[in-house]
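Two complexes follow with subunit A in common, the first pairing it with subunit B and the second with subunit C.
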Partner chain A sequence: MNDRIIFEDVSKFYGEVLGVNRISLTIPSGITALVGPNGSGKTTLMNLMTGLVQPSSGHISVLGLSPGSATEFFRDVGYCTQFDSFPRGLTGWQFIFDSLMLHGISKTEATRLTRESLERVQLGDAADRRIAGYSKGMRQKTRLAQAIAHHPRVLVLDEPLNGLDPLARAESIALFEELGRQGMHLLISSHILDEVDRIADRVVLITGGYLIAEGNIHQVRQEVREKPMQVLIRCDHPELLASKMFAINHCVEARLHADGKGLLLRTGDIDQFYSSLNGIAAEGLVKIEAVAPADDDANAIYQYLIGSDGSAL
Partner chain B sequence: MSVYKHNYRAYTGKLTPGWTRILVLARYGYAEAWSSKITIGIFILSLLPCIGFLFGIYLANNPMARLLLGNHNQRVLAINAGFFLNLMDAQFGPALVLAAWIAPRLITFDLADDALPILLSHPISRFGYVFGKWVALFASLSLVTWIPALVLFAYQGYSSPQPWAAANVPIAFGLVAGAVIWIAFLSLLGLALSSWVKWRVVATGAIFAAILVPAGVGAIVTAVLRTKWGWLLNVPFMMSVLSQRLLGIPDLAGSQPSLPTAGMTAMLTLGCLLCVAMLFARIRAREVVRG
Partner chain C sequence: MRFAQQPWGLWFLQTWRLTRMELRRNLFTWRASWIYFLAFIPAIIILTHLVMDSHPPSAMSEDTAILADIIQFYYIRLAVFFGCLGIFSRLIRGEMIERSLHFYLLSPVRREVLLLGKFAAGSISAVLLFGAAISICFALIYAGFGAAGRDYIFNGPGLGQLEAYLAIVILACLGYGAVFLLLSMMFRNPTPAAMLVWGWEVINPLLPSLLQRVSVAFYLRHLMPVSVAGKGIFALLTVQTEPVSNWAAGLGLLVLIAVVLFYSCYRIRTLEIRYTTE
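Let's turn to the complex of A and B:
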């Protein structure tokens, strides 16, 4: 299991305050999104994973490495904190270069890697300006460049899209996707659920320090059986389709799409639903153009499992 | 689901030894310390006593100058262990001022800027972080203590008509040892107090207070209880006595209380341990404490 990030029954208490409680997780390569409301324990989980705080109990292993041994551990891990803070007085170039020197990389290599990482986040032109004069988005990019500069195998990104304009956000997402496809482990915490949907292979939902769900977004959605799934069906006779589907017990809600060319249906048994829909399509009375889950995304899962105020469970 | 290509390659090039990484922190701490004009001002003022002592050595070794001074009293211009003890005593104060100014710049800024998590997300330990800062402060204080003292020692060796330096090597040893003990203690104290105070000016005041207040308390204890042990709270006094012994100057009976070397060493060690405990309680990367 040296290719996975493993949390084994990990708890963290700050005195009497619960940070996270009995978290057990196995995270493979690819992009994993850590989702939860403010104060849910996301940053604590990331700090535990990177050894910046020690667990009160349990064990954490990152690709077979223990976060306790900083020297070996941080060669393979890059961490981008959510806090907009830097050592004082440095330029973007100096910050990345120093970071690489702290990683034990020679000056020649550090120069090359600094240039590479700054160009990767489109900060090459501003490299020689002081970070204090950067915009919020540029500082976010600088932290990201610092985290990827030493070519880590694991990248931990705490709210990496905060403060970025739409273009920079798209560029960052493209970078994450590329790194994820290449087989890197990326753990990303984010509040932006639409983007979680776009980039994440897996989600980890956490609230109040407790793990609520984890896994592939679609699999997690299917596990939430108490919430009927919503499916959007594009067809030529939505009213007819609605009447036919309502004849089936598991269909609990039907709503015509605003444009009149589709139907939103809720069903308590998705497998049975698709089977019935197949039968209706075969009859030929309704011409079905498209079928797609309408609430099979991170946003829906978040609403169902955590709720808008974090109290669904 | 993504289709993983698994062609990402982590960095596998050569790595520098661990100790050089600590020097990165030391180098930037040093640069931070000396980026202030006030630091340079304090440094220049700190060297004024050395210039006075340099002039003294010049006078002592220049026959014309001695003749002009009348050459009445050889002892006034004698360049010996006592001369260098006076130099040490004169430099301890400026070293304290410089430490009180620089130490907060090294740690307080990182704490105030919340930069510790990002720094400690590197292959360095908390010990490495503190040690790097300590080296930066130690190196800065060396510039006003044992380095100028050794320069003066070398100048005396060069100026003296007799082969002076070889015969007085223990003085050089005493100079370095005394100064190193003082600035090592000051560096630890400065960093420890700075790590607990986010406001730099207050940290500077706290460093002075940590040296001067116990000395005052010690004087009261000595006077009220009529005991010599109150002097163990007076770090500058202990350093002066230690330096005197390191330079090989015998205690003058009746002129000062005779404290045992072991007692003074124990007190300084205790102070250092307290500073280390303070540093390791405070230098943490923790970012968020919910509650």
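Let's turn to the complex of A and C:
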């Protein structure tokens, strides 16, 4: 299990305040989204993983390493925190160069990696300016550049899209996708669920310090069986399809699409639903053009499991 | 893992690089200007005295005693104490207040190495500042005596006294530095605790002999090359209850520093980043 991030029954209490409670998780490589409302324990989980806070109980292993062995651990782990602050008086270049020098590498290598990381986040032109004069988005990019500069195998990103304009956000997402494809472990917390949904292979839902659900987004959605799933069907006779579907017990709601060429159906048993749909299509009375899940995404899972007010349902 | 198998070379390199970074960030900043003022104000006063007053050779022993007073009462009791408080409490606590300590804790540097690198940087800063200031004071005190002054320095006890003062200031910076580095990890605001330490140092001669040894000033008093007879309330600061040899005083202080640093290393291993509580 040396290729995974493992939380074993991890709890963290700040005095009497609960940070996270009895979290057990196994995270393989790829992009994992950590989703939850403010104060849910996302940052605590990331801080626990990187040793910035110590667990009250339980054990954490990142690719078989523990943050206590800093020399080995932080060669493989990069953490882009939410803290929008830097050591005083440094330029973007100095900040990243100094960080790399602490790895014990040569000046030449540190220079090469600094240039590479700044270019990756499109910050090469501003490298020699003081960080104090950077915009919020530039500071965010600087932190990201510092976290990826040493080519870690695990990248932890706490709200990495905050403060970025749409173009920078798209560039960052493209970078995360590229890193994910390269086999890195990316753990990303974000409030921007649409973008999380686009890039994440897996989702970890957390609220009030408790783990609500984890796994592949589609699998998690299917496991939320008490919430009927929505499916959008594009077809030539939506009214006829609706009447046939309502004859089946598990279909609980049907809405005609505004353009009259589609139907939005809610079903309590998705497997049975697809089986019935196949039967109707085989009869040939309705020509089905497309079928797509309408609430099989991180946003829907968040709404169903956590709710818009942030309290677990 | 055996002692010899540890990556000592890497740790040494990391300590050296950390020290250089810290020196660059801490020694040459406007924020350190009050410590420069604290260090060099006696030199300015002595310079004024040198320019304004005459220096008959008969006054040399009096000026030697004045220099010893300045070092014992001003530098050791005040300037080095509060200068080290400013320098060393900034190294960890200051970074927590500025919310930038996590960058160090997220680097592939053992926390003990980080602490020792910061301690080295603080010590070098303090020793450079106060060592330079005391050397200038020393030079200015004897400059007014011309050939007699030069003779006192190079052919008399002068150079030996300067060496002793520099050794004292080095030990004082290391001793107070280690204490304030630890206090800055234990308390959000280390100043009240530092004031308690200051009070402890003042009343040290009145304490039982065993407790006297838990003090930086106790050891430094015994290393003074010129005995200082304090008057009035200052007499309290110069009482020597039991004689201690120079080597025992130096070694005793180094042991005290090692114990404090050892405990600091233990503290930093469990240090948590919770900026919201700062």
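What we mean here is this: the second predicted complex is superposed on the first by the 312 of 313 C-alpha atoms of A that agree within 3 Å, B and C clash if a C-alpha of one lies under 4 Å from a C-alpha of the other, contacts with A are read in each partner's own complex, and residues count from 1 in each chain.
We adopt the following convention: a contact is a pair of C-beta atoms (placed from the backbone, for glycine too) under 8 Å apart; a residue touches a chain by one contact, two chains touch by 3 or more.
Owing to the predicted nature of the structure, the values given are computational and were not obtained by experimental measurement.
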Superposed partners subunit B and subunit C on subunit A - clash or fit: clash
Subunit B versus subunit C as contact partner of A:Asp269, first or second or both or neither: neither
First (subunit B), second (subunit C), both or neither touched by A:Glu116: neither
Subunit C versus subunit B, contacts on subunit A by residue: B
Partner chain(s) touched by A:Glu171 [first = subunit B, second = subunit C, both, neither]: neither
Shared subunit A surface residues [contacts with subunit B and with subunit C]: 14, 47, 50, 52-53, 70-75, 77-79, 81, 83, 85-89, 98-99, 101-104, 146
Subunit C partner contacts - residues on subunit A that touch it in the complex: 14, 47, 50-54, 68, 70-75, 77-79, 81, 83, 85-89, 98-99, 101-104, 146
Touching residues on subunit C, where the partner in the complex is subunit A: 7, 10, 13-14, 17-18, 21, 25, 29, 95, 98-100, 102-111, 269-270, 272-275
Subunit A residues within the subunit B interface of the complex: 14-15, 17-19, 29-31, 39, 41, 43-44, 47, 50, 52-53, 70-79, 81, 83, 85-89, 98-99, 101-106, 109, 113, 143, 146, 150-153, 177, 179-184, 201, 216
Complex contacts: residues of subunit B adjacent to subunit A: 1-11, 13-18, 20-21, 24-25, 28, 32, 35, 109-110, 113-115, 117-125, 284-291
